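Okay, got some structures for you below.
The same subunit A turns up in both complexes below, where it pairs with subunit B and then with subunit C.
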Partner chain A sequence: MMTAAIEYFQFVLAPQILIGLVLGVAVILVALGLTIIFGLLDVINMSHGEFYALGAFIALALASVGLPFWLLLLLVPLIMLPVGYIVERGLIQRVFHSGERHVTTLLLTFGLGLVMEDAFRLVFGPNPQKPPVPIAGAIDVFGVFLPLYRLFLILGGAAVVALVALVVYRTRLGAMVRAAAFDRHMAASLGVPVQHVYAGAFAFGVALAGLAGVMLAPIYSVFPTMGRDFILMAFTVVIVGGMGSIAGVVVAGLLLTQVQAISSLYISPVWSDPIVFGIMVIMLMVRPQGLFGRLGHG
Partner chain B sequence: MTYKTTILAALLSATALVSAQSVQAADPIKIGVVTPLSGTYAGIGQQVRWGLDLATKEVNAAGGIMGRPVELIYEDEEANPSVAVQKADKLFQVNKVDFLTGTVNSGSTLAVGQVAERAGKLIATTVSFADSITADKCSPNVFRVNARAGQQSAALAVWLSKEKPKANVFYLGPDYEMGRSTVAAFKASAEKVGAASTGEVFAPLDSKDYTQYFGQMRAAKPQVLYTSVAGNDTVRLLTQMQEFGLLNNLTVVGASGTVTAQNLPAIGKAAEGFVTGVGYSAEIDTPENKKFVAAFKAANKIDPDLYGADSYGLIYAYKAAVEKAKSTETDKVRTAFNDLKWQTPQGEKTLRAGDHQAVQTMYVVRVTGGKFSIVGQVAGTDAIGPDACTRF
Partner chain C sequence: MLDIRNLHTYYGTSHIIQGIDLKIENGEVVGVFGRNGVGKSTLMKAIAGWIKPARGEIVFNGERIDGQSADRVARRGIGFVPEDRRIFPGLSVEENLTLGFLQVPGRSSADNRKALDRIYARFPRLMERREQNGTTLSGGEQQMLAMARVMIGKPTLLLIDEPSEGLAPMIVADLFTIIREMKEAGCAILLVEQNVHQALTACDRFVVIERGRIVLSGDARSKTDCDRLMETIAF
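What follows is the complex of A and B.
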């Protein structure tokens, strides 16, 4: 009886939890940029999934001219920064100051996403492509099989989250960002260059989406509609965690993907999406602000 | 997100319309094509388009059908039955097409079949696998010119019984009509030849991560995995299995749409040794096929796969039927289709009158060195199975 329970844990439950953890990190990486953009700019970025795809396609193009994966981890977010900055200054700022800000920015980013998705298909073709897994091999974690690249994703993802939290909560730059999020007029009158902070924060969020694209491409492959893959889950995580909260994204991301992973052991995996969205609906009913508060707010 | 795809589809169809209108002049025969030009199955839709375009070009160059040119009108169905229904309705009502084809997703074919019945028109699928389309859910207005799941699995089961007698088989299919029917069909064929079933799992279409099913798969200790996922889903399934070391000492067999020229480059080494039963292979060594492959490659710079070949063949079937009927009227063409024999790149096909299913020679192919090679062949009459259609 006891050995059966241990075997069940080792061969069924533990691998499932570990696999759910990888998926959780993937979702968190995509949701991180989304929550920062919402928390600071109050913009729901509907094209976030396409920026994630853009990162993956840029990585694919650069890898084809011989650049190593490890360099791309650094290079792609750096390329995405000016892209995000230009999109914010050139497009979002134009509709940002109208009274209907939520509607106009939502429609704008939504349209941008459509255009980007079509552009990917025109430039790269409709067929999937797959970069090689950068680290081959696997390890045994207490008898549970885990490919090394997945282990890297878990550790790398944790490092990215820690780094982002460090920048937002522990640096002067982060303080300016949080101040602008809390009260932009007060921040502006105290000498914070609010326009640049906004564009910079959007660029930062987009760069994070690009980084997620580079990191996840070897596992999930690259194709024009890949932007739709994680975006619903990422939005759900941002809503449940609290729009704009970094801690919220991490907690909700891990929680929801574990619910999916473990529930799919017992009921048909087709139900894992309805369960997660059901949790989101309940959350919106009983605690609409999410698990944690907004960025910059107590 | 659905909103997004609908708008996307609207934009796409607008551009498709503009390009189609400028093609032909006087009184053409119009064929509507409702096929996925975006989404997971876009690669399949592309082959459908290439096959239809090539055959139409050839037919028009040779004087058309009864002297009338053929015009193709494309609509994007996104492999989504509800979108396919709207697009088919539009093609029948607004564009007044004479005939319709292109549906990929079996659910789309079944749904569009009902639209065709209401409109009093005929459709043919060149891709859908689900047996039910020409069995218990057959329609007097629906024809299928490609091999259905039952034909593919009958051919594959013959191979399996020779190469891996009495194997333990695990099944993984996408959770919709096609997935469930392909798994059921192969399971029946395989058990008949002595294989043991050790478990099955159905994953949602467009699954990101198949690793959550690996525990079940490992515990079942199969020697053979049968899968009927397609498109990008196969890329993810096989490469993730390779990542987790699950492909060692395992023979992977599958539906003919599982690994194709579209996704083979992306799957890479993880596709090595994959075996399937299929109605067409570019490797078929006949003069007719060599000529077809050369023309297809010249036009599209890529080999045709089963979808391209079967779609190409359909235009000639429709030409033969209309010329036999001397009309494009639904009832006359339907009668002409019954037991029609016509030539395709893969040889002669016959449309069985009892269930509107094409009977054809079946092939077993294996991926070796990144290319498909033919490893076996089964006669059309041995693979077709009984007529299970009772509606007409």
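What follows is the complex of A and C.
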């Protein structure tokens, strides 16, 4: 009986948990930038998935001229930073102070996402392209076969989350961001350049999306609509975790992808998405603020 | 130092400030009195850059600041302690304080450290609680923190809105000691306060606002002017 249980865990449950963990880290990487932008600017960035795709396409283009993957992990977010900054100052700020801010920014970023998606199709073509996996081979984790690149993704993703949390919660820059997120008037009256903080945070969120694009491209391929695959799940994670909460993204990201992975063992995988989105609907009805509080709200 | 000329502000269609003219000289403390909702806090917010005036000018040290962003106004040397203190939740006492460094761009880290040490010497309670979340302090301590984080930027003009609201008399006395110390250090202060008697002990001059206009101004050391003030605000 005991042996059967161990074997069930080793050969059935554990591989599914690992698959869920890889997917969880991927979703967290995409949702992290989304939640920072929402927490600080109160803007639902509907083009976040396309910025994720943009990061992957830039990586693909730079890899084709011979730049190594490891350099792209640094270079692509650095390229995405000014892109995000210009989008915030040039587009978001123009409608940010209007009375209908939430609707206007939502529609604006939705439109931007559509334009970007078509631009990707025109420039890179409609077909998926798969960059080579930068780390070959696999290891045995408690009897479970785990490709090394997926292990790198789990560890690298955890490092990125830790670094972002460190910057937001342990640096003066992070204190400025949290202060501006809670009370922009008071933060400004203490000399915090709030408009630049907003643009910087948007750029940071976009750079994180770009980094996620680089990291996930070798697993999920690169194609114009790739942003759509993750963005729905990322939005769900942000809503369940608490809009603007970094801890919320991590907890909800891991929780929901585990629900998805483990439930598919027992019921048709077709049902795993409705279950996850059902959790989001229930959360919105029962606890609309999500599992954790908003950025800057203590 | 500060010259407000024919200032008008609106909230939507409500005409809140309806043509205020007010001058404040270096090192002067001016009390602003009047009933709730007459535009006292709106005046402070317009000076601090929180509200864009519809008409009129706000000139500070020879330069127009009306319409400038609040962070630029702060970096020009205007500190603002708003009515409800607005301590940032989730930020420690020290994080709340060190945000105030940004009021003085270009100040060295060593000078920032010295400024923080001076604040801790003046407010030892904040030093004791520097790691604590700012919003877990008592009301009086939060008011001290709100004052201290502005003082750390050494403003030349300080706007203080209802500082004694909801505080125990002993704390209010401490607060006014700090206001007098700021005045002695050469800082001009515009003070909105319901506790008129306490405020007059720190003020050089006063104005009374009614329906968005200044209806009375006087010398805080003149008994005749103070009697007129009491008559005006009693009704």
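The rule we apply is simple: the second predicted complex is superposed on the first by the 298 of 298 C-alpha atoms of A that agree within 3 Å, B and C clash if a C-alpha of one lies under 4 Å from a C-alpha of the other, contacts with A are read in each partner's own complex, and residues count from 1 in each chain.
By definition in this document, contacts are C-beta pairs under 8 Å (C-beta built on N, C-alpha and C of every residue); 3 or more make two chains touch, one makes a residue touch a chain.
Keep in mind it's a predicted model, so treat the numbers as computed, not measured.
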*Should A:G248 be classified as contacting the first partner (subunit B), the second (subunit C), both, or neither?*
neither
*Check the residue A:G290 against both partner chains and state whether it touches subunit B (first), subunit C (second), both, or neither.*
neither
*asked:* Quick check for you: in the superposed arrangement, does A:S189 touch first (subunit B), second (subunit C), both or neither?
replied: second
*Looking at the overlay, what does A:R178 touch: subunit B (first), subunit C (second), both, or neither?*
second
*Can A:G210 be said to touch subunit B (first), subunit C (second), both, or neither?*
neither
_Once the two complexes are aligned on chain A, which partner has more residues of subunit A within touching range, subunit B or subunit C?_
B
*Shared contact residues on subunit A for subunit B and subunit C?*
none
*asked:* Help me check something: in the complex, which residues belonging to subunit C touch subunit A?
replied: 48-50, 69-71, 73-75, 79-80, 82, 86, 88-91, 95, 98-105, 133, 135, 149-150, 153
*Given the complex with subunit A, which residues does subunit B contribute to the contact?*
1, 4, 7-8, 11, 37-40, 42-43, 46, 175, 201-204, 206-209, 211-215, 218-219, 231-232, 235-236, 239-240, 243-245, 262-263, 265-268
*What does subunit A use to touch subunit B in their complex?*
11-12, 15-16, 19-20, 22-23, 110, 113-114, 117-118, 121, 126-130, 132-133, 138, 145, 147, 149-150, 219-221, 223-225, 228-232, 261, 264-265, 268-270, 273
*Okay, in this complex, where on subunit A does subunit C touch?*
172, 175-176, 178-179, 182-183, 185-195, 296-298
